[in-house]
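After this come two complexes, each holding chain A, first together with chain B and then together with chain C.
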Partner chain A sequence: MLAFIVRRVIATIPVMAFVALFVFSLLYIAPGDPAAVIAGDQATPADVERIRQGLGLDRPFLVRFGEWLFRVLRGDLGISIFTSLPVSQLIAQRIEPTVSLMVVTLLLAILIAVPLGVLAAWKANTWIDRLAMAFCVTGFSVPVFVVGYLLAYVFALKLDWLPVQGYTPLSQGVWPWFENLILPAITLGFVYIALIARITRASMLEVLQQDYIRTARSKGVGQTSILFLHALKNAAIPVVTVIGIGIALLIGGAVVTESVFAIPGLGRLTVDAILRRDYPVIQGVVLMFSFVYVLINLLVDLVYTLIDPRIRY
Partner chain B sequence: MDRRTFIKSTGGAALLAASGGLATPALSQGASNKVLRFVPQSNLANFDPIWGTQYVVRNAAALVWDTLYGVDDKLVPQRQMVEKEEVSADGLVWTFKLRAGMKFHDGEPVRAKDAVQSLKRWAARDPMGLMITAIQNELVAVDDLTFRWALKKPYPKMLLALGKNNSPCSFIMPERIAQTDPFKQITEYIGSGPMKFKKEEWVPGAKAVFERFADYKPRDEAASWLAGGKKMLVDRIEWIIMPDPATASAALQNGEVDWWENPISDLVPVLKSNRNIMVDIGDPLGNIGAFRMNHLHPPFNKVKIRRAILAAMNQEDYMRGIVGDDNNLWKPIPGFFTPGTPLYTEAGGEILKMKSIDAGKKLLAEGGYAGEPVTCVVAQDQPNLKPMGEVTADLLKKLGMNVDFVATDWGTVGARRAQKTPPGQGGWNMFHTWHAGADCLNPAPYTAIRGNGEKAWFGWPDSPEVEKQVSAWFDAKDLTEEKATIALLNKAALEDVIFAPTGFFLSYTAWRKNVTGITKGPLPFFWGVAKS
Partner chain C sequence: MTKPLDPTETAGLVVAPQLPDILPDRKPLKGVVGFCRRNPSIAIGAFLLAIMFVMAIAAPYLWTVDPTALAPSRRTRIPSADYWFGTDMFGRDIYSRVVYGARISLIVGFSVAILASIVGLVIGLVSGMVRWADSLIMRVIDGMMSIPPILLAIALMALTRGSVGNVIIAITIAEIPRVARLVRGVVLTLREQPYVEAAIAAGTRTPMLILRHILPNTFAPMSVQATYICASAMIVEAILSFIGAGIPPTIPSWGNIMADGRTLWQVKPHIVMFPAIFLSITVLAVNLVGDGLRDVLDPRMAKKI
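== the complex of A and B ==
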């Protein structure tokens, strides 16, 4: 197992190197000019050129890539073109809101989606199943921002139960922190709940038709035990895979959710950086997301061994 | 007690108890009334008002840095940091004396050498500053409070240059900070203005915080735009960045923010219907919509083809696209200067009143239009530019022109418009933009009106007559002379079609009714604003 983990961690190095080269090249060929954005609308072309030179954007690709790579290898993600703040500081400022949002969303989604999927499989082809699946189809179909606006309208504007926007750090209290995350987490979790519930249902339906389930039933094992102890554990592999894959979905959804609820997270940092062509920030954030995603895949693989002892690495 | 407060005190209390009682910092009623929460027009992504000349940076900078002079609501520069000035009889030597007792936020006194170094940095980036530098003999500190600016020829617009609100403003910084290369960003934000910038609380893209500077000495005169006594009635101002207008609207209605600088027109009816919210025109100087044609490449290298566009266009189409049906928000302008201001003129504006597709087609034929593609680059992420681009595309099609509509984002437009290569090789034929009315009062900050060829703004129009009148305006002795030159300038700019003005439009600002003291102006002025 340890050898597997070491192998996988080592394997991330070429993956990250490829991501680094890909992202840098993509930004190099992408249209747009941060110097023009900085200079403002009244600036002359000469001003823009001077700023471009000041930022070192007029130097050849290989020189810029080499410098950046050398810095990254030393753990330095560079300085934001616009704010003059270190990229690592900008990421650190934004990581808590995004992680908080993702954790709350993930917990909410698993707590709702898994029982919902199990219930739908148990009551397959009944009105309960159809209702659950209708909910899932809705979850897939309605865009994240529509759900966000609807929730904000009802629970913030009309009922005045929850705030419309913003984020309060956990250090300022659990309730203020949680209060700001309820609506965004439901918004972001909606599609995720639908995805996990559908996979859980499909996987459970297959498992519930296995011989050992029939045997358990014939031995008089209770329905709850059959569903959650015997069936769910064996149906969990695809569910865990989807939860892992879904984290990428969450990262994408967080961009929209953070904008709708004005949460100062990594999603907004990324979008702002892309719109302004703040290259060091884009490169830093994409590298970080890639690394996190590789780690999540590793974690998912390890979780397989806990769920199914037959899996060995 | 509102519902949310009740929930906080019940459900929240239970959660707090369960979590071991992590405390929420509590603001008393009085303290919260001293915190003004403001939603600015865009993100404060950098904070150097000389290096980055975006309006949002200038607006924030006006809180932190003071200026030697400031224009008032009559557009007249008034003394601000300066106690008095003298100009020699020949108009060549200006001597300025600073007010005594002014301090920077780090406790250091404001000295003449700070002003001198700040003016040097500003002058390297500002069009008026560059003009002064070109005729400068020396700019030196005479003593702690006095400095001298000696010139080779008179510069009648000196006080306007030092007091104008156009970006970059001549903000005064400590000498050591002002020594930074004007094309590189400062990293210390020390000013002598009424508010201090809380760098440690700055989260670019999310929040910027300003705290009242206790040692600030406001002038005795009543505040008027950038002039007069900048008396702060709140202790803390929080700029909360909200990229989504619907969220900003909901937050204002919910009382989570106090003032939203520029609500989009679609949401104004909702805000107006809320009894807790006030909505009014924010900036009476408004904006002038525009699209620019590239004078370097066919077909717009021919003046008749450029005139064909002016003759055929209808400004109302553009303005409806931007502001909708609210007729209070727009007006046509047969010219380039801001309506309602002293130099506004309609001289030569007949072509913009024609609104005739047939006349346009005739001019196109006379100009020899041969079906060349027109690469029209339109930013889709800017609410004002997208509709203008669509109106232009429709206009060109009606004229029988071959439109290559390039839908992209503003970042790409910003880079592409600087390309002088032919449209097929990464260049362009047309792009849309708009200019703040405050920048279109006169030729000094109005780079878009210039016709100095390769050195001109994007599109690179070459118009000797326009340049002649710009020079004449700088040398004008009084308003009568200025008006006469501007009329000729407007006429020449329309004849050569420096760019196409698409109309004058205003926008709203909105605030909670418990906020008072908000004044109309080209930027949000926070002095005199109180919250109850």
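== the complex of A and C ==
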């Protein structure tokens, strides 16, 4: 087991190295002078020259990459062009709202999606199943900001049940924090719920046809316990996989959700950085999110062995 | 189909199992009507898409005005007989903008689906057929797949000027890895098939082997994947435009109209609402076609997902 973890961790190193190389070289793949791209349209030639020297464009590419990578490994992601603050500091300031949003979304999505998928599989080909699957297709089709505006309009503006926008730090109390996150979490979780529910149903349908389920039924095990104890355990591998892969959807969706609900998190940071062409910030955020994504999928691989003891590496 | 017997209901009784009907009770309908009856999801999706296509092509003739014409005296009107969908904060007619906006979504969606499929197919074929290239290509693909697609597209767009072409390229690059992975998987399974081994034993050259034995079998999974890419590209385009990193603001696209309405959504929700409805319906239509295609092309999966 320990050998497996070590091997699996080592296997992520080339992937992360590629991501780093890709994120770094993005600036140089783009057509035109990278210094001019960063400087933007309103820059004077002096600005461009200053940025060019800051980037060290006079030295070979691999040397610059090596230096950059070395600094990144020490946690130095460079300096923001617009605010002149270290990128790592900007990220640290904005990380709490985004992590809160994602954790609440993740829990909410799993709590809704898994039972929904199980129910749909149990009632396969009935109207309950059709309704659940219709919900899933809708979930895939309605873009995240549409859901956001709709929910905010109905539940915050018209019904006045929940705050419209904004974020309250966890340090100011659990309820104010949670209250502000309910609508954003449902918004962000919409696609995710659809995805998890669909895979749960497919996986459950396969398992429910197996002999040991019939055996359990015939010895009189209750329906709930068959579904959630006997079947779900064996149907869990694809579900856990898709929860891991779906984190990519959450990361992309967070950028939009934070704009809609005016949450001062990493998504807002990204959007602001794009509008100002603050490239070190964009690089830093993409690198960090990719790192988290790889890490979560590494974790998912490790969870496999807990769910299914037959999996031995 | 008959309902399977529930063992708990018949406990203690000996019941002869009901045999399934082998013959269908009526002749399957032929032609378009029969196809629609059998595949309602493709039919509905294709119908909705057809409407969107007609709308995009015939935009100038659908009682629209210039979608970019400014009219400061008639700002933020709510929907009325004169302005069917109201006007935005610059007095532009939202109905006209939404109708013209269909062009951008359809162009982006379909271009990305076609381009990503072609490039992904080539990369997947090389990876599946050429052993030494496989591990290198897969490392690159793994790396690209570990960057969330929307972030990748955002990072690419942040570097270039906003234009329709650049949006298409950025989303295509973000979508290629998934196609390549899929094709590689199919090719690797096909290579083990006895008929492919027989073809190799019979001396078929690699180009002919690919063309005649491998390529036709990638078509089914590819076409399903392409529809999902199309749907996802439309959403990503709208997201990019919405956050200001996509189509230039002067071109009416659904994402841009929503971006314009963003600051006013609490008081004038109609500006955001109309493009949102059209975008959702179009993406839904593409997804329905995709689901239908999957059921037709892979009947074993049909009853599952």
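In the analysis below, the second predicted complex is superposed on the first by the 274 of 313 C-alpha atoms of A that agree within 3 Å, B and C clash if a C-alpha of one lies under 4 Å from a C-alpha of the other, contacts with A are read in each partner's own complex, and residues count from 1 in each chain.
Definition applied: a residue touches a chain if its C-beta (ideal position, glycine included) is under 8 Å from a C-beta of that chain, and two chains touch if they have at least 3 such contacts.
Computed from a predicted structure; not experimentally measured.
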Which superposed partner A:Tyr153 touches (first chain B, second chain C, both, neither): both
Touched partner set for A:Leu131, first chain B, second chain C, both or neither: neither
First (chain B), second (chain C), both or neither touched by A:Val286: second
First, second, both or neither for A:Ile237, with chain B first and chain C second: neither
Partner chain(s) touched by A:Leu26 [first = chain B, second = chain C, both, neither]: second
Contacts of A:Gly166 with chain B and chain C, given as first, second, both or neither: first
Which of chain B and chain C A:Pro143 touches, first, second, both or neither: second
Contacts of A:Ile51 with chain B and chain C, given as first, second, both or neither: first
Partner chain(s) touched by A:Arg277 [first = chain B, second = chain C, both, neither]: both
Shared chain A contacts, counted only where both chain B and chain C touch the same residue: 31, 37, 149, 152-153, 157, 164, 259, 271, 275, 277
Touch list for chain B against partner chain A, complex: 2-4, 7-8, 11-13, 15-16, 18-19, 22-25, 43, 45-46, 51-55, 125, 166-167, 181, 183-185, 187, 203-207, 240-244, 246-248, 250-251, 253-254, 256, 381, 408-412, 414-418, 433, 435, 439, 445, 447-448, 455, 457-458
Contact footprint of chain B on chain A as seen in their complex: 31-34, 36-48, 50-51, 53-54, 80, 82-85, 90, 93-94, 149, 152-153, 156-157, 159-166, 170-176, 178-179, 259-262, 264, 268-269, 271-272, 275-278
Residues of chain A that touch chain C when the two form their complex: 14-19, 21-23, 26-27, 29-31, 37, 124-125, 137-138, 140-146, 149-150, 152-153, 157, 164, 198, 201-202, 205-206, 214, 217-218, 247-249, 251-253, 255-256, 259, 270-271, 273-275, 277, 279, 282-283, 285-286, 289-290, 293-294, 297
Parts of chain C lying in touch with chain A, wherever the complex brings them together: 7-8, 139-140, 142-144, 146-152, 154-160, 231, 235, 238-239, 242-245, 258, 262, 265-266, 269, 272-273, 276, 279-280, 283-284, 287-288, 291, 303-305
